[in-house]
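Several structures are given next for inspection.
The same chain A turns up in both complexes below, where it pairs with chain B and then with chain C.
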Partner chain A sequence: MKRVIVIGLDGFEPKIVEGLLARGELPNLAKLCEQGGYRRLKTTHSAQTPVAWSTFSTGTNPGGHGIFDFLTRDTKTYLPIMALSRYEQKNAFVLPKVVNMRRGTPFWNLLSARDVQSTIIRVPCAYPPDQIKGRMLSGVGVPDLRGGFGTPTFYSSRTGLSSEQSEKVLTVSVKDGKVATHIVGPRDPKTKSDHKFDINIQIDKPGNKIIIQSQGQPEKLEVQLGKWSKWLKVKFKVGMMQSVSGIVRFNLRQIEPEFELYASPVNFDTEEPLFPISSPQEYAHDLAMKIGRYYTAGMAEDHDGLNNERFDESSYLDQCRLVLRERRKMMEFELGRFESGFFFCLFDTPDRLAHMFWRFTEPDHPANRGVQQPEFAQVIEEHYRECDAIVGEAMKHADEDTLFIVLSDHGMNSFQRGLNLNTWLYENGFLALKANSQPGEGGDFFQNVDWNQTKAYALGLGCIFLNMAGRESNGILKAEEAEPVREGIVSGLTGLVDSDRGQVAVRSVARREQVYRGPYLSEAPDLLVNFSEGYRVSWGTPLGGVPRGLFEDNLKKWGGDHVIDPELVPGVLFMNKAFREESPSLVDLAPTILNALGVPKGAEMEGKDLLS
Partner chain B sequence: MNSIHEVAPSLSRLAAELSGTNPLRVPEYLGPETVMPLASILATILGFFLVFWRLIAKTVKKVIRRARGLPDEMPPEVEMEEAPVDESSKTENISTQ
Partner chain C sequence: MKILVLNLPGVEPKTLFSDERLENLHRLMDMGCYGELKGDASAWNVLARQENHTLTLLEFLGQADKHCASFENFSALQSKLESQDWDYCQLIDAGLKNATSRADSGIADEYLRLDRELGEVLQHLSDDTIIAAIGDGCFVLVSSNNPISGEHKDGAIVDVAPTLLELAGYPLPSAVEGKSWVAGMELKNASSGLTSEEEEILRERLSGLGYI
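Here is the complex of A and B:
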């Protein structure tokens, strides 16, 4: 095979796809199905974007690449930390550098070793990008300028407005139709304060718009009411002769009676990214010069803005379309000059859109709060049709000598009820709180947890860690005490019933050695909770909260999720060549692609060539 | 016997000729007192380039573009409004099924 083209559709749900295929509404995917085949694709434990795509790239289970969740914990402080990458600065004379925590060998490294070119657009867990022969643009894992998954800012003239999840709120005052404020930049590690970029806003009430004046680029940026603005390039002075530039978009919510403006997280500048986001480094810049500025943050879609109700569904939908169009442009531009080797482009919007619009497909979803909005009930299916058109566009570049693959990393399901895992651990004697503390009093970050009496704690999306002596800083469990504690948690949680609904919330709990093997097994959570459909770990759990009560309704607009039992959320796999159809798995993709391009699979790869 | 006046020009001519073949001619001798300041100057220039090479490259590029009468390099503007969906092509796509 001369070429392999892979189109990734994050979170593309098989049940929706199969329904649309049956109705003949995905003509291009149907064509692929006829040419080669279609199967559901086995995903990873747990079924999360960074975990699953790392398995796609390395051909190993998570024990072989070390990515188990978006989050992990610092064993010294028990605080949650980003699991995908970390920053290192050996001393004050050396520049800080970012280190990718995805280990293992991605198959494009093996291709490069054999001089096979690759073009890889927005692959997750490749930040910093892998040094390959060809071009790579990093995807999920690239932070915003503040170093997180994305911190937007909401400007409001209303007083007493408090910050919701992952956002900054700035109270502004309108004087003579003008607002003087700033864009929030990176934190200063010494002073812990935020760097600022001043902006002046001129309100044009008759025109239903504002003009943002600044020393950025452009100097005057127009923002229409209810619309997304173009990019504003800003520069934060962070020290003597040091500045950091970024790009930001705005969405004007309201001019009167209150002024309300949303600013997206500040993305790395496409022309001068703070840390490398592409290989070769200048590729990010060159691509921007061809297709225009683009989202660089791994999580491009502003789901926090909608979740925190800073803008409405229509605006979120508009933004998802912007991201989709931008990605399509990247794909078309690169496919236009793709001659041989490996091509990959990931479209994240099917996942981010379904997270936020799933609830409209379920009239009884608690997040609807009894209000039905039928105009959004078909949004996911419409988006799937758009994705099908994109696949059709890419298929034009596939000839007889091309292996063409469309796949998703996992599916999507409902998230109606959340389980407070730490509260369950507390109620069952595995987690202890400090004297006179009760669940619901401490907030996140295990504030009231008594580590000297705690045997296990939950963090991330369904992960439970034991408080092991010699591993955790205040660990109390000796090696021989670990298994009885694990057994207690497994037997207690398996089949746990949500008494309010009379439904089983937890199907099973997996011990790590049951689902993982490999060199990074010791970094894995000790237990993984496999939730039933409709359930997930609660919003209060991932960052170490111990909320009151066991179960709670999910009232957030993020009403769909996939971090449940992986058996319930497989992905999809379409290929234009007939392939082995018995239970294909994500680990099979790397050997299949390598073999198609005449390169032997890596020694640690676990899967099999699906074409043989 | 030649007088000193007659010999002196010959000696100076000899010295001049010898100096042409002498490998230790003064201007070409690079001792520590010469090399160290030179190395220091070179290191300064190199360090300056290492720190500011992006800025320098950008400025040089900008100057060349301006000299050629070209505008500054900027990413193309992206249209914010989506083009209306072509309903006929949508139907056509579905009917090919």
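Here is the complex of A and C:
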């Protein structure tokens, strides 16, 4: 085969896809089905974007690439840290370097070694980008300018407004139709204060718009009421001698009686990203020259803005469409000049949209709080049809000599109830709190945990770690004590019933060696909790909280999720060539793609060629 | 603490402070203090004048049984730094190669080369190093415990040696020529532990994920 084209649709759920296919509403995917075939695709443990796409790229289970969850912990401090990449600094005098924590060998490295070109757009867990022959633009894992997954800013003339999840709130005053404020930039590691970029806002009441004046580009940016603005390029002076640039866009919520403006997280600038986000390094800039500025942050969709109710569902939809359109432009531009080798483009939007709109498909979802909004019940299906049109566009570039694949990394499900895993560990004697403290006190980061008496703790999206002597800084369990503790947790949690609802919340708990093998097994969580449909780890758990009570309703707009038993959330796989395998898995993609391009599969790759 | 002195003859304040391409030098300036220096540039290593003898920094530390070494090019210096077996290192006469013909258009490239070589040297240091770069009438000084930041005015070339010794915690000899800039000041110490502010930073960074 001369070419392989892979279109990734993050979080595309088989049940929705199959329903739409049956009704004839996904004509292009139906065509693929006819030409080759369609199957549900086995996902990874756990069913998360970074874990699954790393398995796609390396062809190994997570034990072979080292990505087990978005989060892991620092064994010295027990604090949660990003698991995807790390900043390493040799000493205080040199710049930190980003190190990708996805290990293993991605198949595009093997292609490069055989001089086969690749074009790879927005692949997760490639930050910093892999050095390949061809072009790569990094995806999930690229932070915003503040170094996190994304911090937006909300400007309001209302006083006393407090910050919600991951956001900055700035109280501003309107004087003679003008607002003087600033964009919040990176934090200065020395002074701990935020760098600022001044903006002056001119309110045009009759025109229902504002003009943002600054020394950025453009100097005057118009923002219409209720609409997303174009990008503003800003520059933060981070030292006497150094500056860092970024790009930000706005959504104007209200002019009066209160002034309310939302600013997206400040993304790395496409022209001069703070750290490399493409290979070759200048590719990020070259692409922007062709298609305009684009979102560089791994999480492009502003779900926080909606979750914190800083804008409404329609605005979130608009923004998802902006991201989708922008990604489509990238795809079309690159496919237009794609001749041979491997092509990949990931569309994240189906996942981010379904997380936020799932609740509208379930009248009894607690997050609806009794209010039905039928106008949003069809949003996900509508979005799937748009994705089908994109697939159709890409298929125009597939000839007889092209293997054409559409796949998702995992599916999507309901998230109605959350389980406070640390509280369960506490109630069952595996986690101890300091004297006189109770669950519900202390917040995140295991603040009240007594490590000298704690055997196990939960962190991330369903991970449980043992407090091992010699591994954790205050570890107490000796090697021979580990298994009885694991056995106690496995038997206690398996089949755990949510008594309020009379439903089984936990289907099973996996020991790590049951689901992983390979060189990075020792970095994996000791146990993985496999939740039932409708359940997930609670909001208070991932960062190390011990909230009061075991189960709670999920009242957040983020009402759909997929971090449950991986058996319940497979992805989808469409190919334009016939394949017989009845239960394909994500590990099979790397060998299939390599074989199609005439390159032998890597020694560590575990899957099989689906076309043979 | 270790002391590393880079004597860079030919480097002038005008270019050093304004050429934005000198990334490494400028990062060091942001981390510590910098400024112009009065006095004879060649007196950078003078610590004390005693009777008929001029005591240099190298000599003084050598007498105190410290591991001292002097180099004339970056690569020799680098291999010594890598060994970690040193208390005081100095690089001398490693400034601009064409320092005598300043009109030469290659001079800007020489600054860039210098900055690149400095960048390489920095890779081999540990955090407990005091770095002083000294040009013709200008300096950059970085030390984790240095209480002075930003531009330091009215410094004299002979002040550098006593300032370095005081930051490194050595007692000063008698008849010191210059005056330590940090005399009587409280030195900074490295903080540890997670403050509530740092917790807030961590929470913010991670919670943008959505799943949390």
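Note that in this section the second predicted complex is superposed on the first by the 610 of 612 C-alpha atoms of A that agree within 3 Å, B and C clash if a C-alpha of one lies under 4 Å from a C-alpha of the other, contacts with A are read in each partner's own complex, and residues count from 1 in each chain.
Here is the rule we use: a residue touches a chain if its C-beta (ideal position, glycine included) is under 8 Å from a C-beta of that chain, and two chains touch if they have at least 3 such contacts.
Bear in mind that the values here come from a model prediction, so they are computed numbers and not experimental data.
In the superposition on chain A, A:265 makes contact with chain C only, while chain B stays out of contact range.
Contact with chain C, but none with chain B, is seen for A:92 once the two complexes are overlaid on the shared chain.
Using the contact criterion defined above for the overlaid structures, shared-chain residue A:603 touches neither chain B nor chain C, since it reaches no partner. Of the two partner chains placed by superposition, only chain B is touched by A:389; chain C is not.
Using the contact criterion defined above for the overlaid structures, shared-chain residue A:321 touches chain B, although it does not reach chain C.
In the superposed model, A:149 makes contact with chain C only, not with chain B. Judged by the touch definition given at the top, the superposed model places A:435 against neither chain B nor chain C. When the two complexes are overlaid on their common chain A, residue A:371 makes contact with neither chain B nor chain C. When chain B and chain C are set side by side, the one touching more residues of chain A is C.
Residues 24-25, 27-28, 30, 227-230, 270-272, 288-293, 321-322, 325-326, 389, 392 of chain A touch chain B in their complex.
Residue ranges on chain B touching chain A, taken from their complex, read 54, 73, 75-78, 80, 82, 93-94, 96-97.
On chain C, the positions that touch chain A within their shared complex are 20, 23, 26-31, 119, 122-123, 125-127, 129, 131, 142, 144, 150, 194, 197, 199, 201-212. For chain A in complex with chain C, the touching residues are 70-71, 77, 79-82, 90-95, 143-144, 146-151, 165-166, 187, 192, 238-242, 265, 299, 303-304, 307, 352, 355, 444-445, 461, 539, 542-543, 558, 561, 563.
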